[in-house]
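Shared chain: subunit A. Partners: subunit B in the first complex, subunit C in the second.
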Partner chain A sequence: MKHLIFFLLPLFFFHPTLFAQTLEEKGLEIAKETNRRDDGFSDFMATLTMTLKNKHGEASVRVIRNKTLEVPGDGDKVLIIFDNPKVVKGTAFLSFTHKTKKDDQWLFLPALKRVKRISSSNQSGSFMGSEFAYEDISSQEVEKYSYLWLKDETYNGKQCFVVELDPADPKSGYTRQIVWYDQEEYIPLKVDYYDRKNVLLKTLTFEDYQQYLGKHWRPNLMEMINHQTGKSSILEWKDYQFKTGLHDKDFTKNSLKRAR
Partner chain B sequence: MRLFFTSILTFILISAIIINNSALANEWSGYLATEGRYFFNAPLHPDQGEQSRSFSGQPEFYQEWPTKSITIAPFFRIDSADSERSHFDLRELFFLWFPGNFELGIGIRKIFWGVTESQHLVDIINQTDLIELPDGEEKLGQPMINFSLLKDWGALDFFLLPYFRERTFPGPKGRLRGPLVVNTDQAQFESSAENTHLDLAIRYSQTFGNWDIGLSHFQGTGREPTLQQGTDSSGNSVLIPFYEQIGQTGLDIQRIIDVWLLKLELIHRFGQGPSFQAWTGGFEYTFTGIFGSMADLGVIGEWLYDTRDEKATTPFEDDTMLGLRLALNDMESTEFLLGLIQDLDHASKMINIEGSRRFGDRWKLALEGSIFTELHPSELIYSQRDDDFLQLTLAYYF
Partner chain C sequence: MDGARLAKTVIRFRWLIVMGTIIITMAAGSGGRFLGFSTDYRVFFGKNNPQLQAFERLQDTYTKNDNVLFALAPKNGKVFTPETLSVVEALTQEAWQIPYSLRVDSISNFQHTWADGDELIVEDLVQNARNLSDEDLSRIKAVALSEPLLVNRIISPESHVTGVNVIVNLPGKTIDEVPEVVSVVREMANDIEASHPEISVHLSGMVMMNNSFSEASMNDMAELVPIMYLMLIVTMGLMLRSISATIAALLVIGLSTITAMGLSGWAGILFTPPSASAPTIILTLAVADSIHILVTMLQEMRRGKTKHEAIIESMRINLLPIFLTSITTAIGFLSMNSSDAPPFHDLGNMVATGVIAAFFYSILFLPALISILPVWVKKQEEQQGIFMDRLGDFVVNKRKPLFWIMLTLTLVFIASLPLNRLNDQFVNYFDDRYAFRTDTDFIVDNLTGIYLIEYSLDTQEEWGVSDPNYLRTLEAFSLWYKKQSRVLHVSSLTDTMKRLNKNMHEDDPTYYRIPEDRELSAQYLQLYEMSLPFGLDLNNQINIKKSATRFSVTLENVSTTELLALEEKAQQWLKANVPASMQVPGASPTMMFSHISKRNINSMLVGTSIALILISGILIISFKSIKIGLLSLVPNLVPAGMAFGLWGLMVGEIGVGTSIVAGMSLGIVVDDTVHFLSKYIRAQRERQLNSHDAVRYAFHNVGTALWVTSFILVSGFSVLIFSGFTLNSQMGLLTAITIAFALAADFLFLPPLLMLLDRRKSKTAMASESGTNP
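Right after this comes the complex of A and B.
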């Protein structure tokens, strides 16, 4: 009997289904670790400058403020206030993101003082005329995709996991996203988006990451390039503040009405 | 009551000017606009013209402390044709306290209730500034004390409305009116307290998953007057607005199913003739990225019904509205809205168009217009059959 154990032990160690991860499991592990490392930020505020450029290089600038509240066990709550263009100043957007069910979204129209509940099913729609779709800027929850680890690769001098993300939502504008995660810090550095016809549509790059509270990495710059139209959008994040004491009561339809 | 309000408003103004130190934010914003309005047909009534120009503006001052704020937003318009349309209004002038699970607002405010697009039946707190635009979307500031209780089970709003604002109407030289001018100086009230009757309102609203529900009741001076024929001091025939004491219960529901928004607004009103009901119900569906572009196209369908039938004081006693809303999502935020309201008993049609485009950060060009076609003589707006118009507004935001 002793001998049999010696024969079986190597099998336990090397049988792929028992001890090695599948490619799907490895992809999922990477996504979970990415989320786990950012857990506990509580809340943050930041100012964003979004520059839209068309293929002729003409630019238009929008300024918005973002308040985000971490909701344990669910997606984040996000309040966005529009400061510029002056023409749309006072418009505000409230989103309760969820892990699996559809996000709840409200828009405040200042001229009529009207809070309008809007459908979050149009996820692939443009955010403020930019190359960012709503689904690109929405809270990235593990449950929103299925994962497939593709390979390890060096990107911009950093060792990366390259993982394919397949959106669970059939209404997504993408068939798949390819994400380059930094292996050391578990943060995304680059995303390639493939449209419904599986053709490369957009590339998002994250630059100039900074660490806050010794834990949470945030990019200072995100650039989205649309390969099919030649247009691009740049998001510059400024004045990040973490743990500012934001509360559920700051993310309600009433707080949306008085958001400034 | 008026003295009480004057004191409160004075207090707000003084605090806004003096207490600047502890403020978190304090800013001026707003717009100035110039407008040209053109009517396609010769006027039906004497004194009216074919075009008008006007200049309007709404500066806004806002100051915020951690749980308090003050808002001041006066509005003015100077119109070349209609002296009634040249007017001033304090759209907002209020103090708001929001410590957490309740809010207290004191002063002149604008409050919106409802979900539908073609008309806003449930929305009753503010009077319509009808002289601004015939669609009734512009509202006058309403003096109030508003207490909102914000709980997990929903929001409960109480309103004390101590001063009534009369509806604005076009003057003798204004278009978009009937053969008789509404003489607002002779307005009559059912209540002996006239425009100082204390009106009351309560509203409960809550989101239940994909449902947004609001239930409200208003008791007081009806915002929509009954127009009675009379004579003015010089003996001319005029219409005199009569404001009844009414009760109005309203229900508004919106449900989201996927990309569909399903909407219903229902009111029951008593005190203005026999009791009646009116409702607006319909849907809104948005196509995203049409024809492979960035543009979104929204399709709106609504049915408008009023049980008073032809005796209704609104033109929408049994009509359908079909709307198309196109947002190009381009750098200039170009948008168009086309609305067709079709009467279901006659051929009468009303077409509304709206369009806007931004130029840079601070300029906006907007186009608005209405076309009335095949209006049946029984329609309330029959006398506006030749008042098809287009207006172009250029606004500067600061």
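Right after this comes the complex of A and C.
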């Protein structure tokens, strides 16, 4: 019997349900740590090129600029300015993301010279006709999901936590997401999205991470592939600038009109 | 070909042949386990079919169109009640669970847009239906009934029936996908009817149709094949009056069918409704060979010959004609490979295989088996020939009036050919015993049309869809289509654009028009696109470059000929009003089926002509007479001509099922001609008879067998009339008519023709028969 104790003892140490934390707690811990490590960027700007492709490789390109303001205690404020295609140049989109309640959104239409507030349940919807949904690219607040640590696994040569995220929003387009977090830097490397009938719908991969201000990791490329329709979208990020001195007043309805 | 020698060999090795046949059949038949039932209507179209290609391009540009349409009909006739709307709302939610579902559209998740000052509100039209007040209900009703995107599509104008349309994206990897979707969908429909007896649910859409195709194949096999066996057992029992002979013949046709089906399985063929009729047809055709051999054998035994002598004599007489008829029948069916619709290739190849197998089993297995089985016959004077002798006399005596009567009838029927119109309304392929048909009929009567024409109108310029000129053109095309009769619904991007323009101007109705400026339209579209939830995006209407939009027209229950005429008018409109890049043909399953008969007839003409040349060549060589070979064309071609003429008078509509009958029946009707001519020539050459006596000889010797086999063939093809798949039932009926006409032509038209052409020879006979010939 003595032998048996020796064999079992290590299991008690490492088995997470019996010791220290549950799988849910471990998942939540990873998400919190991820958020914590990116805290304090205060603001950043970047230029994005978004390429939409269909099954046959037909492509369409959009160029946009992004300004993000960190809001402590709530979701970020995001301003997006459209530079290309020409017909929508000058269009500007302002979004106050929130931890749990519906985001506030406004769009400035230069051709109409008016700012329109959008009231819709578009969180699950496509962002500019791409394979990215709002909920995929808006700020990932911890409160938006419940978590479940599944396993550790090597992905692309990196040791990862594999965590399941179940969206809290009943209007989400997904039943769950599986995220691969780099264990060293706590950054997502890959996400599998499962649709409302729990079938794999899309896969997002993050590539070319770079660290800014010695702290904040940002990818240069995000690729989303829709497995069901064969369509895909690529987001290329360029010219990241952090702590540029953006302020609340740069993220108002009125600022939209000036935001060229 | 020496039938007698072959018969002697067969009798000597009878046990070996019987065992060998069974082993070979088992080996071939084991391929049957690979047979499956196709669940895709697209199998009716070859890869190079231009309408299929156009439709695939359209689907690739936007989203797929395979759909399931639930139609909910509350018994009180009111959709806009909390009860009905809550069912719609729940079903809309639940429909996302249907396998492969990509999009769900209903009145509840319709993205209602409206303005509140500078706020654009985009929301589900129906939310929390249970708690809606009367005020809410009448507001929702007013919105739904004034929305061009919904009326006649998702909601009936009388608001008594509403639909939930689910787009599914079938990966097309296995044949189980469609049944998988259908079983879930049917369960949902049953659940609703069980928990809400006041609502009836009807199911339609392309997925339901696909499933019905495989159901039709299975039903035809399960129902028609037993009827066929029963019919054959009764007929053969009556004709042969010998249990052993009947059993032997049944085994031959059974083994032939198993062989053909098994080999099809090895070849990886999937059953479609047309090819599912192959077993029935093989049974019918295979029996003819056995009948000829057995009838002669029994006749010889009744005359006093021993069984083995009778077998040898029967084989001596019948081997050549059976060989000829088998090869011509096979050629006729193989000619179906020229058809534009692949299921008919399968049908042709399966039946040809069965016919060839039946030939070998009839000349090897049948004599071997019958020489083993005990056969009792009463020795008796021949009686069978008496009626045929009288018929022969009648035909010889009345040859001139018969000739003119038959010629007139033939011409009258052939003149009626143009009465036939092409029609392939695919819903009507199924009769009332299929829920798909009755449900779809209900939907067409109460909610929306099932026949669509779609266009992808391309500006060839990125974001060109926001060009006001383009939008105005769309609007004009839409107005033009709406003015055409029998058009139920037209869907174009302009409906959305006009609504957005109104919303952007505080819902001022005067702005319900196309925006005047390109940037404005583009920005509205961008705003709208950014406001739509999951699964309700514009991908199904606008392509990725925003250079083209999808334009859909829903029609009432129109025949495909009417539909093609309408589309032709649309093409003229496009030519007159739009740039060349936008002058595209309509594309849709309806368009594909609308062209199928014509394409099929044209392609079959080639195959049938080749078959006709081959068959005539074979006849010329085997009868060693060019004149007889050419003459055979008359009784070979007249029956189909007459049958289609009669069809024109009776039915007046040809579909893809009937369009192949001429080619298919050619190989069958030629059999009667072969048997009759071979006896006629034998009489002239071996017995030096004049044409009149040669006709009498032919009637005496082959008349009964022809009558019997024709009777069996007509009955066999008539069994197909019981099919619930009208493509098969009409094909069966028309083939049966053709075969009946063929017998009439061989008995009443061919002999007078032979006698007229052989007048010189018959002049010597005139003297002896002067009394009966005026």
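Some observations on this one:
The rule we apply is simple: the second predicted complex is superposed on the first by the 240 of 260 C-alpha atoms of A that agree within 3 Å, B and C clash if a C-alpha of one lies under 4 Å from a C-alpha of the other, contacts with A are read in each partner's own complex, and residues count from 1 in each chain.
What we mean here is this: contacts are C-beta pairs under 8 Å (C-beta built on N, C-alpha and C of every residue); 3 or more make two chains touch, one makes a residue touch a chain.
Note that the coordinates shown come from a computational prediction; the quantities given were computed from them, not determined experimentally.
Annotation: superposed three-chain arrangement on subunit A; subunit B versus subunit C shows a clash.
In the superposed model, A:S126 lies in contact with both subunit B and subunit C.
Legend: residue contacts after superposition of the two complexes on their common chain; A:K249 is shown touching subunit B, with no touch to subunit C. More residues of subunit A lie in touch with C than with the remaining chain of the pair subunit B and subunit C.
In the superposed model, A:H56 makes contact with subunit C only, not with subunit B.
In the superposed model, A:L107 lies in contact with subunit C only, and not with subunit B. Shared-chain residue A:R258: touches subunit B; no touch with subunit C.
Legend: residue contacts after superposition of the two complexes on their common chain; A:R117 is shown touching both subunit B and subunit C. In the superposition on chain A, A:T91 makes contact with subunit C only, while subunit B stays out of contact range.
Within subunit A, the residues touching subunit B in one complex and subunit C in the other are 52, 54, 58, 60, 85-88, 112, 114-119, 121-122, 124-126, 129, 171, 173. Put simply, subunit A touches subunit C in their complex at residues 52-56, 58-60, 82, 85-88, 91, 93, 105, 107, 109-112, 114-129, 133, 171-173, 195-197, 199, 228-229, 231. Interface of subunit A with subunit B (complex): residues 52, 54, 58, 60-61, 84-90, 102, 104, 112-119, 121-122, 124-126, 129, 171, 173, 247, 249, 252-255, 258, 260.
Remark: subunit C residues 60-61, 63, 96-102, 111, 116, 118-124, 169, 462-463, 466, 504, 517-520, 522-524, 526-527, 529-539, 543-546 touch subunit A in the complex. By the touch rule above, subunit B contacts subunit A in their complex via residues 25, 27, 29, 62, 64, 69, 96, 98, 100-101, 103, 110-112, 114-115, 137, 148, 150, 155, 205, 207, 212, 254, 256, 258-261, 286, 288-289, 294, 296, 329-333, 358, 360-364, 395, 397-398.
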